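Next come two complexes built around chain A: one with chain B, the other with chain C.
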Partner chain A sequence: MVVLWVVASLVFFSTSLLPGDFAQRTVATNLELADYSEALKEARRLLGLDKPVWERYATFITNTAMLDLGTSYDSRRTTWVELGRHLPPTLELGALITLVAFSVSIPVGVLSAVKQNTWVDYVLRTFAILGVATPVFFLAILMTLVVLKFDLFRIDIVGSPHLWDDPAGALKLYSIPAISGGISGGAGIMRILRSQMLEVMRNDYIRTARAKGLNDRTVWVRHAMKNAMLPVLTVMGFTIAGIVSGQIILENMFNIDGVGRYLFTRLLIRDFPPFQGIVLVIAAVIVTTNLLVDIAYAWLDPRIRYT
Partner chain B sequence: MASNDTVLPAPTRAIAMLPRRRSRMRQAVLLARRNKLGAAGVLGMVLILLIALLSPVLQRYGDNQVFQTANPEFRATATAIEIARNPRLSTPFIQDRFQAPDWEHWLGTDQFGRDIYARIIVGTRLAVIIGIGASLIAVLSGTVTGLISGYFGGRVDLIVQRVVDAVQAFPGLVLLLLLVSIMDQPNLPLTVAALGFLGWAASTRIVRSAVLALTASPFVEAARSYGATDLRVMVQHVLLNVLAPIVVIFSISIGLYILAEASLSFLGLGPADKTTWGKMVNSGRNSLDQNPWESVFAGGAITLAVLAFNLAGDALRDELDPRLRGR
Partner chain C sequence: MSVFGDNYWLRDAPSRRLSRRGFVRGAVVGGAGLAAAALVGCGGDDETAATATAAPSGGTAAPASTAAATAAPTEAAAMGPVPGGISRGVFLGGNVFDSVDVHRAFGDPTSWLSNYVLNKIVRYSNPDTGEIEGDLAETYEAPDAANYVFKIRRDVKWQDTPLTGGRPFTAEDVKWAWERQAAGKLADGTETPFRFQTFYKSLAKIEMPDEFTITAQLAAPNGAFLDRLSAYFSTIPNREAAEKFEVDHRTLDEAAMPATGAYTLKQWRSGEEIKFQKNPNNFRKGEPNLDGWIYPILFEDPNAHRVAFEQKQVDGFSSPDPSLTKSIIDAHSTEMWEVLTGVANTVYMHLNMNQQFKDVRLVHAMHTAFDRRAMIQTFHQGLGQVSGPVTWLQEGYAITPEELVQMDGYRADREADIKVARDLWAAAGGAGLGEIDIKIPDTWLGPWPDTTQVIPTMLNEALGVTQFKSTRTTYNDEIIPNLSNGTFPNWFAWTSQVTGPDPRSGMQQGFHSASTTNFQHVNNPDLDKLLEDALVTTDLPEAVDLSRKAQRIILENGQYGNVVLYNYISRSAGWNYYHPNVKTAPMNGEPGAGYNIFPGHLAPRNVWLDQKDPSFAGRPSITL
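And now, the complex of A and B:
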């Protein structure tokens, strides 16, 4: 809770530091000078932007505490409604990115560890290191180039079809951002998983498992991988934060009307209530994830006891 | 005359029998052989630093220099009606847009007829300044707060840690976007400072945990007991012993900052008046189908630079402080 309060204050004060406000960015600039400043004043009064910072901060914090995240200056809809409108595409893309990230990184990480110091390991590790170093937008551009070059399919970035209504269209649109985002996120997971696998494989219980005659696959998957996944879980909060950052870029690139792009445009037009609200929601998700991870950790690994 | 062995006193003889200390050069070669990827990273990093230093010599053209050729269709005497029919009659020069790589433009030209090679070289310098600058700010500020927070504990520690928690609860890019928006046109110092602030949280946390482990150790207690001041203990006994993780965070995060700045520039909120790689990738995106050169070369430059700095940082970490692996 304290963390969320600090986040809220940080967001509030940094947004109030930004030059320009919504009134200034949107009031018609073709008015005569006198009319313009009048209109500006009027707009600010209507939006409550004429009040001093401390007063606005007090209202903001009390409203937020009551889960009222304010109303968009732009659409006059509440932040929750806006979030509801923009969440579906983001969740769809986010789910696909996560799916790709884990389905790539887990087998690759395990394989790379069990084949340590063979050419398989070297090739996979090189890809992982490259994946970490490549910006997600560059990956997306390279994939777009491949699609264009071989004329695989048309990338239609006008209008965003939903996964449920139009699966084929949505998958076409989402394929590139999902795969590039997934590779970006998965590369990091793979590196952690590999080094953890190597550590786990040195343990006595792995030798025991082998000694009782289990085959390699069972040892790797049942005994080693399960334990190596724990540290991967630990960084779940960071993984989510990374995926959100990636989605801001990818949604902007592919014109997907999700939360990431909405957040970015709110900042550009200085429509702060939904911006602050959504940032807080994201922060809450990350904080909760970290908390859940801590709890899950103790549950998954009985050696850990919090006192 | 007796041989040296009989003349030398016993301890000296023992030292003489030890294997000769390897020269630094020899040590470096051995290290490189042991860690080939790391050596490649260091080599790449040195190359990038050299390019950044020598960019005025290497870039051949100005990064904003527009190349154009005389328009053969230009007629100074064309009437307004003729120009309306054929607008090309009115322009004396045509920009050399979207040229494929050749001897004159090693990496081709962009949509305004600017030399992509020159822009990549200038971008190298920017990336190096941003990466090293941000990392320096992050590490210096993080060391100060981490040291204070870990050494004194108590209320100071609590406050600092809550702020660190809050910063880390943000998705990095959101915080960056917010910070660089403080100016209408973000400039270079602002970008570096914003990145540094983002890194401050992480380095504070690492320095703090290293300091916490040390403050309980006997030699710190000993120093305190003979009456050393807090400042003296902090600097001479604690700080000097946590230098390894500090150097590691510094070197390992340079690549991250280069990557983050590229994302900012790509979204149009990087240093406004500078030629950066992220900006180039973005501007090349509009003409991907016919002219992928700009995006591909600039994106490749980002990847290679980040790769080199990451590999070099990893190698340094493995040498200095392997416990930091995975952070």
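And now, the complex of A and C:
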């Protein structure tokens, strides 16, 4: 709770420091408009932005404690309603990114480790380094240009279909962001997994397993990989948190109306109540995820016990 | 009836990058551009424009519309518009509808939208030249510049909704709209700001001799009165709906704007696509061409917009980066057209004459030292043209290009301007001013972040000094609040938006000694007389002549610190099947030209789709 209170305060005061507010956004900046100042004053009054910062902060904290995360200046809908509207696309994209990231990084990481210093390892490491070094937007743009150039399939930017009502259309829309985001995120996991696998493979219990006559596959999967996954689990925790907070760049690039894009547009038009509320929710998710990761550590490694 | 029969820019001045002919094209197209740019859908350059982009402006929101500035390319155009089809434009997510009430919306998006649904009492038949025709008024007359009589059409009915019952539109609707804005009060008597209250307060007497006639008597003669009534923000909303939604006027609802015009609002909800449906009871039979419009909400990210456009999910495209638009056109050169449109957000340098620049020679030196053409090249890839006190967009009233290029600050011979500027600077003791900060608002720095280096370098080199620097500022925090008290900073950016072809009111407001928005405290009796005479005449040639004389005085005085620099040009693209609303259609691979002044009603009325054009193949089916 203390963490969330600190986050709430930081978010509130940092947004208060930003130049401009929603009232200014809605009143045309036109110096020929003689009534501008009066209009701005009225717009601020209607939004409650004319009150002192401390008063707005007190209201914000009080309401937040009662799970009232405010109402959007723009849509007039509550933050919870807005979150409900924008979370599904983010979860869809996030799930696909995670799927790509883990389905690529885990086999590649393991293979690279067990084939250490062979051409397979060199190729996979090169792939991983490129994946880490290439900005996700650059990869996405390249893939988009290829799709446009050869007219491979329709990316339904305007329709924004969901997996549950138009699976084929949704997969086409999400394919480029999922692959580019998955490669970018998975490359890091692959490198961590490889180094962990190499370290684990040198342990005595692995030698013992081999001495018992177990085959390579059993040694790698049942004995080595389980322990090598511990650091990967930490990364997975952050990945899941990232899913909830949205992929701001990718959602904007493909007009996916998810949480990331929503947060960014709120910031752009200074619609702070939903921005502050959703950041708080994300913070809560991260705190919870870290707790779950810690619990999973104990399950994966019998040496770890929390008292 | 216009005195501006020929194309203003056929008499034009040179641009460094464009050929003379090329520029002429650009200038013309641009027109719809800003209009569009500013209003229909742009995003950054502030950048929203005729076709499908966002317009930049010092804070003015602009939805991008594929419709605004389009042009048709092929022989199909010669066959005339074919009715039917639904067009899909783009409304940029960064724009905000702040009210469903056109009288109380202080941003432009609501005014933009209202032009699809509502009508004005009069409207531009050609927004660039300022020719006006009746809209809701069947006829109108002005015995003098202070008295106006409008005969309202008898065949106009409100869209049949539970609020209106489909009743006829009468002079009473006009009277209510004018009186409401002038009074600044809601139905329950509550006082609240109305965007154009000051303007409507100038109505001394409004009378309704009969149900379809309304007369207006102004407190003071104003020859630009009809011009103002023709602007895109002068649509007349329904009284019952306005009063029904007065309390909750910020929640979007299609029921809040019953139509009289070309379309009815089918959907207007926050975060949802905006949908317009052809009004079957439109009093102009046979109009509009399209069955409907859909404006999905896209963010300004050019990738999303580009994908949507190249896959024909939207019909037009425009980007703050004209080279991106060009690259798309080049990749589909046989299937796309190009239109160039002037951007209405005029770029200025403001120098505070109340404080640092009290000697008019100093502002004249700065006005002359500023390299306008270099800035157009640096920031806009050469797409733009220098503007005098009246911009080139307002072609009817602006000083001719031939004359302008002979004047300080506009010469093609840059060395001559530099010499004049340095002499003035030295004579007025410019060195004694010490460090001079030309501030740049953050809205400008978004698209052009290196402006803080470019501007001081250019001025230092031109004047041979090291006094200039540039820092960041904001309109809302430092500039606007300090205008009326005279302590505003010096700044460079867009300042005002050209909203009509007639500049007389704007000149009066900016430079007349009695004006409340004469922030530089200009007090020149000769100039006052010219501005007064220009404003009261209803004789157009005389108004133009007087306005040009006033401009010359303003230029001789370094524009009194309100240094107009240039207006740039937006490039738009569209598929050949999409026939937009343009002044000059693109032909044979040459770009078309949009209207320089945004009229509001022309795109909804004129755009059509040629579903037999080969480029239509592959366009996804669109239904409302």
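Definition applied: the second predicted complex is superposed on the first by the 288 of 307 C-alpha atoms of A that agree within 3 Å, B and C clash if a C-alpha of one lies under 4 Å from a C-alpha of the other, contacts with A are read in each partner's own complex, and residues count from 1 in each chain.
The working rule: a contact is a pair of C-beta atoms (placed from the backbone, for glycine too) under 8 Å apart; a residue touches a chain by one contact, two chains touch by 3 or more.
Just so you know, these numbers come straight off a predicted model, no measurement behind them.
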| item | value |
| --- | --- |
| Touched partner set for A:P19, first chain B, second chain C, both or neither | both |
| Which superposed partner A:D74 touches (first chain B, second chain C, both, neither) | second |
| First, second, both or neither for A:R261, with chain B first and chain C second | second |
| Touching partner for A:V3 - first (chain B), second (chain C), both, neither | first |
| Partner chain in contact with A:S195 - chain B first, chain C second, else both or neither | first |
| Touched partner set for A:I141, first chain B, second chain C, both or neither | both |
| Partner chain in contact with A:E42 - chain B first, chain C second, else both or neither | second |
| Touching partner for A:I248 - first (chain B), second (chain C), both, neither | first |
| Touching both chain B and chain C, residues of chain A | 19-20, 141, 144, 148, 252-253, 264 |
| Contacting residues of chain C [partner chain A, same complex] | 57-61, 88, 93-94, 96, 98, 106-108, 192-198, 250-251, 270-271, 296, 298-299, 301, 303-304, 306-308, 310-311, 313-314, 442-443, 474-477, 480-481, 483-484, 495-497, 506, 509, 516-517, 620 |
| Parts of chain A lying in touch with chain C, wherever the complex brings them together | 19-20, 22, 24-40, 42-43, 46, 74-77, 85, 140-141, 144, 148, 154-159, 252-255, 257, 261, 264-265, 268-269 |
| Chain B partner contacts - residues on chain A that touch it in the complex | 2-4, 6-7, 10-11, 14-15, 17-20, 129-130, 132-138, 141-142, 144-145, 148, 192, 195-196, 231, 241-242, 244-245, 248-249, 252-253, 263-264, 267, 279, 282-283, 286-287 |
| Residue ranges of chain B touching chain A (in the complex, touch as defined) | 37, 162-163, 165-174, 177-179, 181-184, 255, 259, 262-263, 266-267, 278, 281-282, 285, 288-289, 292, 295-296, 299-300, 302-304, 306-307, 310-311, 325-326 |
